[in-house]
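Here come two complexes built around chain A, the first alongside chain B, the second alongside chain C.
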Partner chain A sequence: MASYLLKRILWMMPLLLGISLISFFIMHLAPGDITTSEASFNPKASEESRQKLRALYNLDKPVIVQYGLWVKRLAKLDFGTSFASHQRPVFWQTTDKDGNVTLGMIQEALPITLLINVLSLLLIIGIALPLGVISALKQNQWPDRGITMFVFLGFAIPGFWLALMLMYWTGVQHSWLPISGLESMGHENLTWPAQIWDTLQHLVLPVFISAITGLAGISLFVRNGMLDVLHQDYITTARAKGLNENKIIYGHALRNALLPLITIFGLSIPGLIGGSVIAESIFAIPGMGKLFYDAVLMRDFPVIMGILTIGAILTMLGNLLADVSYAWADPRVRRGAM
Partner chain B sequence: MLMPTQITRHIQLWLIVFGICLMSACSNGEDAAKKLKSNFDAPHPTSPGGTMIDAMTGEPSGLIAMIAGESAASAIAGNIFNSLLKYDKNLDLTGELAQSWEVSADQRTITFHLKPNLKWADQRPLSSADVLFTWQKVTDDNTRTPYGSDFKLVSKAEAPDAQTFRVTYAVPYAPALDTWAGLHILPKHLLQDQDINNTAFARHPVGSHYYKLSDWKNGQYLKLSRNPYASQGQANIEHLLSRIIPDKAAQFLELSADNIDSMALNPIQYARIFPSRPDLSNNIGLYKELGNSYSYMGFNLKRKPFDDVRVRQAINYAIDKQEIIDGVLLGLGEPVASPYKPGTRWSNPKLKPYPYDPNKARTLLREAGFADTNGDGILEKDGKPFSFEILTNQNKEREMTAVLIQRRLKEVGIEVNIRVLEWASFLGRFIKPKQFDAVVLGWSLSLDPDQYGIWHSSQQAPGQFNFISYSNPQADKLLEAGRIELNPDKRMKIYHAFSKILLEDSPVIYLSAGYGLSAIHKRVKGISSPAPAAGIGHNTYEWFIPKAYYRNEMNDQ
Partner chain C sequence: MKLVWQNPLTLIGFIIISSILLLAAIAPLIAPYDPNAIDVKAILLGPSQLHLMGTDGLGRDVFSRMLYGARISLMVGFVAVGIATLIGIVLGAIAGFYRGWVDTVIMRTVDVMLSIPTFFLILAVIAFLSPSIWNIMIVIGLTSWMGVTRLVRAEFLSLRNREFVLAAQALGAKDFRLIFGHLLPNSLTPIIVSSILGIASAVLVESGLSFLGLGVQAPQASWGNILTDGKEYIQFAWWLSLFPGLAILLTVLGYNLLGDGLRDAYNPRSNQH
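Let's turn to the complex of A and B:
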């Protein structure tokens, strides 16, 4: 097992290098750089000054040289500093000689996005599992149809529209929930239970919106997985030998139906760090989606590369985790693979 | 299968659930109470204190404006830092840190005399050494600023004593005073041994203006508090809080729920939503003012047939500008006839925009040799149909404008295609190599009338701003004269003459100048309306919030 893991992790290195190389070149295929944003199209900013900026950021060098410089820094685990955000470190905080700490951009955005996505994933699982099981047990009866209709409605409704409607209803018509942001004004003066309560209130809508769109996929997955398993011979056998129906469904069928979900969750790990641009913009949440979107618009290359690299690493780790969990959960895989 | 009775039973059930939701929605007493206390029109004496909350779509990257560059940064930094000069409410230059200034007889040397006893927010004295230091930084080749070129024209800068700052230009430079009104003076004692490009100072600024930064939560808000040592006296409002809310619709919801006091509106919010919501107008005041920008259609003058002035004029006559203002800006804009803000001294009041006159357009096109020879409704010249492409970037208003132009030009027999592009490729693949027929764009202008960079024939190289390749020796001469003439009255005549030539040549078609639209809660008093030339924001330090109108959660401050 240990040697298998080591092998897998070592293989990640060349893979990561390849991914970063391709990302770097694709990023540079898009025209423009930090000096050509719409805001800098201003007669007060002269072309000579822009050339000077380009030279200071090494943007005048060939792409392959720029890539070499980037890899050289990355080898020291340095993701560099942002072009657009006044040299803020891309990944982790730095301390200057006077002891001023500047927080990293990903360091700040990642926990927020992670929190929202993990909560919404838990919510999805909590709702989708029972819905999927009910659908499968009542296949083609009204609960099944009703649930399918409901989850597809959630999938089909534009998230931004639903978000705005809910914000209007719960925030403007009634002061039930805060409209946007992560904290109320004066948050830092509250006691810590009140702070948690305040943050939770702010998280209700963003988590709900991101969960409602993800419900359809998982609940249908559980439903179909259950249906497959329920038609297996061993379920018929279990029924034939007179096992309790609850034990058949929850002890035998569901456990086997959940196996493919491991893959889905493994694959959703990179998704956990990628926030939704639209939801984050509407709810004014400074998460990863907004960070990446702004970086692309500004051609803020170090930030783009930082997010892509960390995303690639997490995707690979997610795959590894999924494979390992498979081996743990399914004896057939364990015997075959190792 | 679902039985009909089952269906009805379940519909009933859902209706009941839905109804309960609705009922609980209607019986909310808090809202009614909130609406009762809404008489904000009573007179109140000026009083200091309170917090004003506004919303902005973007976050500043830092608060050293020369490096940050974006509008969010300038807006916040403008409350923290002073310049030597400023524009007063009539858009005339007046002293800010400088008490007075003199221009030498040869117009090359400007001497600024600082006000006495100026202090930084950390109580250290502010002197001409700080001004000199700021000039050295903005012209330093290692400083990552795009705004250095204006200041590099200074051949000698000196600070003979603590109150005096003197700059000498190699040749007289008329926009000089304007550039000094735009440069925030930075404290030497905090920055001299720092790398200005990545100093922590950008996030912990110390300035000399009305406010100092007291809190900055990344991605959430910036909070400013009054600076007790402010160089210009004390502002009334104690705290300015700027929340970062990227989405305009979300900003509007926050405004409706009375969580923020002010925001910039778009025309739909201003002209459609507000009139239909009297409950909002009760609490919120609307303001409009002419901005410093206009939109235009510019031709590539190097391409046929746009090198022919008759064709450009014909197109100008064929476009209905009022239709664009009404359709795109919902009437919230004005037609313009020169590249200067209407109502300011630089704008020539005698000039009138080209009227909408399709017949005159047809006549001019006929004179230029265009005729519909094959009867397909499109004009031809030398066997080639008159068809061209309008380029614009991803901007809803510009796209809509292009569509209106397309229709009007079709009526006079010109076929127009529209292409919409992302900004960087628009600039890199079409504007720089001059691969375009016409563009719909906008210019935001400084308050100085010098537009040498946009119109002078020497400014046509790739990356420079005369990308339409406008070239007229007479206009060149006036632009050169305006750049070295520091006397405002003589300068005014020069730019009036220049605007006249520009209008006749029609290298660009002025489409409209849109209003800046803002909504401000009525708890904020002291706003001058109608806005003077400088806009409603010219006297924010005089605004105040009467104690009775403070927000509850702000009482502890």
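Let's turn to the complex of A and C:
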């Protein structure tokens, strides 16, 4: 196990290097250099501050040296400071000489996005599992056909449109749910259970919107997985020895059908992070997606690069976690790969 | 071919897509108004006989804009997927045919690309270039070739040592002929299926980008940017949000039904359930 883990972690290094290369290339796509866009963003930027920026990004050195330096800073997780938000650190908090702590932008945004994604994963599992199982057990009967229609609609519905419709229906027409931000006015004056309740209400729509595509995908996946497993010899054996049907379905079939789900969840992480842009910018939630969207509009390059890299690292960690859990759950894989 | 139409869902998908293609093709003939003509006397009118889908905040006819928007959505889908498929075929063919270190390099690049949240990557590139329809098609294409590459490579690996390929090789066929004359034609079905499904997701990405204001720019109409206006006026003008949303939904649904149906028809294994 330990050597397998080590191998996987070592394998992340060249991957990271590749990602840094792509990010670096994108940074150099910009017409002119970043100091021109900084200057256009802030007309008061003096020649002196431009020089400072050039030195910070080593734009006066040859490209290959620039890349080396950029990787060196990445290795220290140093993403610099934001152009647009008063020099706030992009990634993690800094303390100045008076002991004032400035929180990092990603440090603040990441937990919010993670919370939304974890909740939406729980929602997906809670709804998609039963749907998939029912669909497989009632194959080609009306529940299966209904669920299949739902799956196709879930794949086709544009998340931002559904968000807009739900916002209008639940928020504007009926005022059932808050439609923007994570806290109501006066949130800080509430008792803590009321604060949690308030935030939960704000989370309902964004979590649902983030979950909708996944819901469709995972239901379909569970259905097909169950159908595959139900045709296996060991299920026939279980039936032949007279095991009761519930035990066969939930004890034998479901457990095996669920194994590949671990990998699917690992693979879906980049999609979930990327999808957070739309949900968060519609509902004005200060997470990674909103931060990224704002940074794109402001051409705030350090923030853009920081989020791209952190997003990629998260994806790789997610895949690693998925592979390790898979090996842990399936003894055959464990013996083969480790 | 008969098998394909046995599934009513595939037929529905085909009908949806061909109707939208037809409407987009004859848009100039059937659009009742100039899609960009501003009419201050007709601002935010509801659907009526004069304006089938109402008018927007500038008095433009939504039905006409929807028709022209269909052209944009379909074009983005086709061109972006065309780019992705071309890259995927070339890289996948090289990786699957020659194997060895070229294969390793290509497949590791695929891994890297798959680790970056694609939507972030697209937004970042759009931020550095300027949002225009061509940039969007190119960027979506350049960020979605990984699936096709894996697919073509897998097909090539499984076909590479079949008798008919070995026979052609023994007869002295050059690599180029083996790849384009024998291996590729036999891998076409899964490539076509994945392209059709790819168009569906390209349409979604384009409309999402346009909705965020980073896609097709005004005054050019796209379903996504009609929806952006719809968001502004959602309390007074439901028609501005409803129709473009439904159009995107139908288009994506159509492509998905068609792609899935074709896959099931040509791949008996996935049809066994």
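Note that in this section the second predicted complex is superposed on the first by the 282 of 338 C-alpha atoms of A that agree within 3 Å, B and C clash if a C-alpha of one lies under 4 Å from a C-alpha of the other, contacts with A are read in each partner's own complex, and residues count from 1 in each chain.
The definition used in the following text is that a residue touches a chain if its C-beta (ideal position, glycine included) is under 8 Å from a C-beta of that chain, and two chains touch if they have at least 3 such contacts.
All values derive from a computational prediction rather than experimental measurement.
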| query | Is A:F152 in contact with chain B, with chain C, with both, or with neither (first, second, both, neither)? | reply | second
| In the superposed arrangement, which partner chain does A:L74 touch: chain B (first), chain C (second), both, or neither? | neither
| request: Look at the residues of chain A and decide whether chain B or chain C touches more of them. | output: B
| task | Using the touch definition from the top, say if A:L123 reaches chain B (first), chain C (second), both or neither. | result | neither
| said: Per the contact definition in the header, classify A:K290: touching chain B only (first), chain C only (second), both, or neither. | reply: first
| request: With the two complexes superposed on chain A, say which partner A:S281 touches: chain B (first), chain C (second), both, or neither. | output: both
| query | So, does A:L164 touch the first partner chain B, the second partner chain C, both, or neither? | reply | both
| message | Quick check for you: in the superposed arrangement, does A:R299 touch first (chain B), second (chain C), both or neither? | response | both
| Does the superposition put A:L177 against chain B (first), chain C (second), both, or neither? | neither
| task | May I ask you to decide whether A:T315 touches chain B, chain C, both, or neither, giving the answer as first, second, both or neither? | result | second
| query | On chain A, what residues does chain B touch that chain C touches as well? | reply | 30, 164, 167-168, 172, 281, 299
| task | Over in the complex, which chain C residues touch chain A? Could you list them? | result | 9, 108-109, 111-121, 123-129, 200, 204, 207-208, 211-212, 214, 227, 230-231, 234-235, 238, 241, 244-245, 248-250, 252-253, 256-257, 273
| Complex contacts: residues of chain A adjacent to chain C | 14-15, 18-19, 22, 26-27, 29-30, 139, 152-153, 155-162, 164-165, 167-168, 172, 224, 227, 270-271, 273-275, 277-278, 281, 292-293, 295-297, 299, 304, 307-308, 311-312, 315-316, 319
| field | chain B to chain A touching residues, read off their complex | value | 2, 6, 10, 25, 28, 30-31, 53, 59, 61-62, 64, 67-71, 141-142, 144-150, 182, 197-200, 202-204, 217-221, 241, 243-247, 249-250, 253-254, 256-257, 259, 393, 423-425, 427-429, 444, 446, 451, 453-454, 461, 463-465, 553-554, 556
| message | Considering only the defined contacts, which chain A positions touch chain B in the complex? | response | 30-33, 35-50, 52-53, 56, 81-82, 84-88, 96, 98, 100, 102-103, 108-109, 141-142, 145-146, 164, 167-169, 171-175, 178-186, 189, 280-286, 290, 299
